[in-house]
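Okay, so subunit A shows up in both of these, paired with subunit B first and subunit C after.
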Partner chain A sequence: MSRARACAAIAALLLGTAHRVPAQSVTAWRDSTLALTARYSALRDSIGRADSTLAEAGRRGDLAMASTLPQRQFAARLLEDFAELRQRRFGEALPDDRGFRISVRTFESRSVFERFDGRDRNPGKVQLTGLSGSGRDVERYERVDRVYSILVQAYTEMMFESLPVTLRKWLEFRPPLEMEETNRRYVAMYSVATGVGRAERGCIDSHIADCAYVLRLRESTDSAPGGTYPPFVRADLLLFALDRGGDSAWIRFRNAGDVLPIEALAAASRLEPDSLILAWRRDILGLRPTEGVLDGRGLLLALGWGALFLAGALGVSKWV
Partner chain B sequence: MLKAMIRLQWRAVWHIVAALTVAGLLLPLASVRTGWKGGLTNLPNFLTELQLWGLLYPALAALAGVALAAGIWSSDRRGHHIYALTLPIPRWRYVLLRYLAGLTLALPIVAAVWLGSVIASETLDLPAGLRIFPHALAAKFALALIVLFGFAFAIAASSSRALGIGVRFLALLVAVHLGVVMLYPKTNILWSLVTGLATWPGPFAALGGRWMLIDV
Partner chain C sequence: MGLIVKRIGFAAAVILALLLPLVQDRTRSDGAEFVESASSARLGELQRRLTSARFRWTVLAERDAALALAETLAPGSAPPVLLRGFPSGAHSALAVEETARWWRALGEPAFQVKAAMVVYNDKAYSNGLRNWNSYAGTVIERASGAVACLALLPGTHHPDGRVHVMKSQVSSTMAPCLLLARFGLPGNGMGSWLDKTRWSFAESNGWLVRPRSFVEADGRPPWGPRFEALYLESTFRGPLPFGVYLMAAELSPPYMLGAPALHCLLGDAAACAAGVTSMADVSSRPNELPTDITLPLHRWQAAGSGILDHQSLATWWVSDLIRDQGTEKFVAFWKSDLSLEEGFRAAYGQGLGEWTRDWARRQWNAGGGRTEPRRQVLLGVTLRPSWPLLVLFWSLVALVVASGVARRRQVTV
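Entry: the complex of A and B
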């Protein structure tokens, strides 16, 4: 009985409404589907990026740092260090007009016991964002004490890739900014001082044309000039030029366009090309050790400790 | 008295002195000859190899210091210091004589390092820009030897009781270090201690730094 009643109700509904419901056009369906897909993508993107475990750790200019809760203080310090380095080397320049985002999943060193269970110790996440963060996106997984180095590496890599082709070819690799500056310059100085090619020795002897050749800035007139300096040394020249150029030096270097590297370096440093090369050469060779293997301070210290040990021997030799 | 002590000690350690003198003479020569294979075309590698060979100078100084100190006191330790105690001189004077005689016996080793360095550096035709340090290297070697000899001498001269206390203290330190490392992996007491001793103004700072016979 009830079944017959239900069938009748459905039949009445269909008969009553069929002519009043217009069929939807294909275009409307397609637009609706596209809108729904776009909204879904945005939502998924938002969930993926705006990690709910992350909280803001600090802001500085156009940079923002977020991290998981236990890493917040650490992340705030990282932001300060990173912002300082970025300001010194790149000014306000960004690798992409739409900004960037560098995410690092972190873990701490594990004790002897924890190494056996294969779990991460104090896992966390640190996320550095520039502007809206919708431009370049980099993700890494690293021990917490290496996060700063990773941030610098990733950022420098992005900045390197934003350079015109000519300058990228000249540099070959991104500048190794994650290295401690004294060490980096010391390695560069050794590369320069131990160069054995004719032009390399000529550069040490103050021949500017040889320096320009070994830095791959100009061609050599010599028929057998020998080898050129490694990319590490060219990166040192770039960083020297940026230091000399001060504010916006990187922007001037990058915006010089597809010109010769020497012109871009001159624009960055605001120096004449030859003056820049001479200043750099003087600076890098000035890092050579000025003292021999022995200094007066070490001499006094060793003699002092020698005397102290003798006094100790006199004191501890009470055999009876 | 000093002459007699030197003669006495020479008889005890002459073979050690002779072996270390030969090693001291050969070390600079070997470092330069093996590294100079490629001549001027291999300068960066030459300096890198020389730097690695440089690690052997403090090692030789340590070996010489410890071997001399141990050799000097070995007869006294065997005889439970009875000979020293029967001599009609105060204990401090006896220890001082032993120390000075030991330093005198170290002189040939230092002289050998100096001579080897001079010969090694003079036989090379180095390009402009490179500098040689044969005298400074020998002086640094001498200082490292003085410090390490003094340290080993103090240990070798100490009474059994003082030595026992020292060994127990060291064992306790290692045990504490192991415990701390297991609980807090970032804290390394032993490493901090070694770093403190081997850097300015620690006693073994003379062992660190550059040991380059030839440098930029």
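Entry: the complex of A and C
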């Protein structure tokens, strides 16, 4: 009897759980969505903050760097590098009077086998704060070996956004400060030296008016001057002007107000507009390679090795 | 004995050399621990459940609202664009223009359909989070006297009053309504296939505006690949140097289309027919959603990722059939109460498989994007006949030159 009851109970249980009841109710799904949204938001925010695990890794001037414990030494080095770059390019300028905060959740490179398993490898967090950090707030999620790049990009982006509209329109994009300087300058030189427009060639031939036109600093009097340089080259001019201007150059550039870009650049560099353009032109064209691709030594080496291989190939048939 | 030991040792070394690169490096050389981030996994799981719940909430709420709206529509008139849940003053020029454009392209509707384009406020369902997979589809209600067809799509409200909608979604959600307005209710054969497949293969309005010679979707494959070659390429680019994976992907048969599609492209008409009819059979995935709405493919199709599984048919199959064979024969096919295959033969005088094979080959041969394998590669030997001949010829030349040089340089003692 008891066995029959047990079987009946199991059967009832199976019948009761075999089919899910279709949920066609709007209200039920709305409630479910709202409950899940709340849980999702709470979890996401807790992951994003994770402030309690952060410890200060270093402080320099108005900058402070914090990180999770395993990343502390790395974060301290980052702070040194970042502070140096910031001092050179922006001086003491901040993107916001109330400061800023850049948080980067980090992970290490994952192999192809681990890429889709939804896990982070050695997760951590690095947080750079300026002043009170209550002004601009940026959050990123990136591989640990790219954190320096991300810090520089985020900071430059904020500084770019703090510029007056006229200067932002002229630049179009933030300066690519995360690039290694030699590479950046060579890319700019390549753009300048290989331009084929009439004004672009004119600039190479020392026509200052053409240079001003292709840098979008002045209008051209030519009826068909051709194209202008890409934003990358204009960013190079700005960085050149900041270098020439020395201390507080960025502040002078930004505080020039809603003036023509050439005036803001002149203020930053403390040079006359035409002098600045000429100096930049001389500098960038000075990077052009002066030697041919193949020098005499290389030629001799190639011929020597070629002859050696030929002699070997012919000689080997003696033993075949 | 010593030789045998050496040979075994050499074989073991070779096997080790082959297997070593396959061992996963779970720990770093400096002893750093592999840490699992349970939080990320939990977040992903919550997001999946949230997306699913939100999708159902949206579908059910908007479907009920649309059916209530259907009562107010006049049969046969041009579909109005109705904005739901937006502040007053909101407007969507794109939705109005696109809806009117498609209705104009249809001409005078042959059947009285109560049609409308309903744009709902996507943000009403967001609860402060970014929306994932908002529902865009069509409600087809046949219970009452006149057929009601309401296209539903999400819109985003901008501060200046504009409501942004996706142009492609206006077109795809209108597609069932345009077919119903031109051809009326389908017969049992076609109707059953369309309902089971949730109208997923009748999403194109190309039959209204495009010439017969036009190839849809830039020659994308006639069956949807399970994964993208480019996606895999980027995944495997790291460990395989010199573009080895890309080369292998381009030279390998397109298995991602599934074996039935490969057979079809190689000329097997039965496989081609099965590739169409089987779409109704794989629609067994329970979704607990009303049957009078169309659904995106991934919401109803049973998950089949094996090489022997049927993959999804192109969404423009119905449209291409009309464009290729004309509307007169299509009406007979559409209205047929026979099974899909029998109805096709009765209307067109040829098998469903034969036509689909020609269509699929045309679609396949028209492609050639970098994200797909090479078009010439299907199955079997892919060498052109001239290649082995050329290899033999050049080998012979090399042998003659080498032996000639050796003979001249021979030293006799």
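Miscellaneous remarks
As a convention for this text, the second predicted complex is superposed on the first by the 236 of 320 C-alpha atoms of A that agree within 3 Å, B and C clash if a C-alpha of one lies under 4 Å from a C-alpha of the other, contacts with A are read in each partner's own complex, and residues count from 1 in each chain.
Rule of thumb we're sticking to: contacts are C-beta pairs under 8 Å (C-beta built on N, C-alpha and C of every residue); 3 or more make two chains touch, one makes a residue touch a chain.
Everything numeric here is computed off the predicted structure, so don't read it as measured data.
Looking at the shared chain after the overlay, A:305 reaches subunit B, while subunit C stays out of its contact range. By the touch criterion defined above, A:123 lies against subunit C but remains apart from subunit B after alignment on the C-alpha atoms of chain A. In the superposed pair of complexes, A:29 makes contact with subunit C only, with no contact to subunit B. Of the two partner chains placed around the shared chain by superposition, neither subunit B nor subunit C is touched by A:55.
In the superposition on chain A, A:69 contacts neither subunit B nor subunit C.
Comparing the two interfaces of subunit A, the one with subunit B and the one with subunit C have residues 111-113, 314, 317-318, 320 in common. Per the touch definition, subunit B reaches subunit A in the complex via residues 40-44, 47, 80-81, 84-85, 91-92, 95-96, 99, 127-131, 133, 136-137, 139-140, 143-144, 146-147, 150-151, 153-154, 157-159, 162, 181-186, 200-201, 203, 205-206, 209-212, 215-216.
Within the complex formed with subunit A, the subunit C residues making contact are 24-25, 32-37, 39-44, 46-47, 49-50, 53-54, 56-57, 60-61, 64, 125, 127-129, 235-236, 238-239, 288-290, 405-406, 409, 411.
Here subunit A touches subunit C in the complex through residues 20, 22-26, 29-30, 32-34, 36-37, 39-41, 43-44, 46-47, 70, 107, 111-115, 118-123, 314, 317-318, 320, going by the rule given at the top. Residues 109-113, 189-191, 193-196, 201, 204-205, 288-289, 292-294, 297-299, 301-303, 305-310, 312-314, 316-320 of subunit A touch subunit B in their complex.
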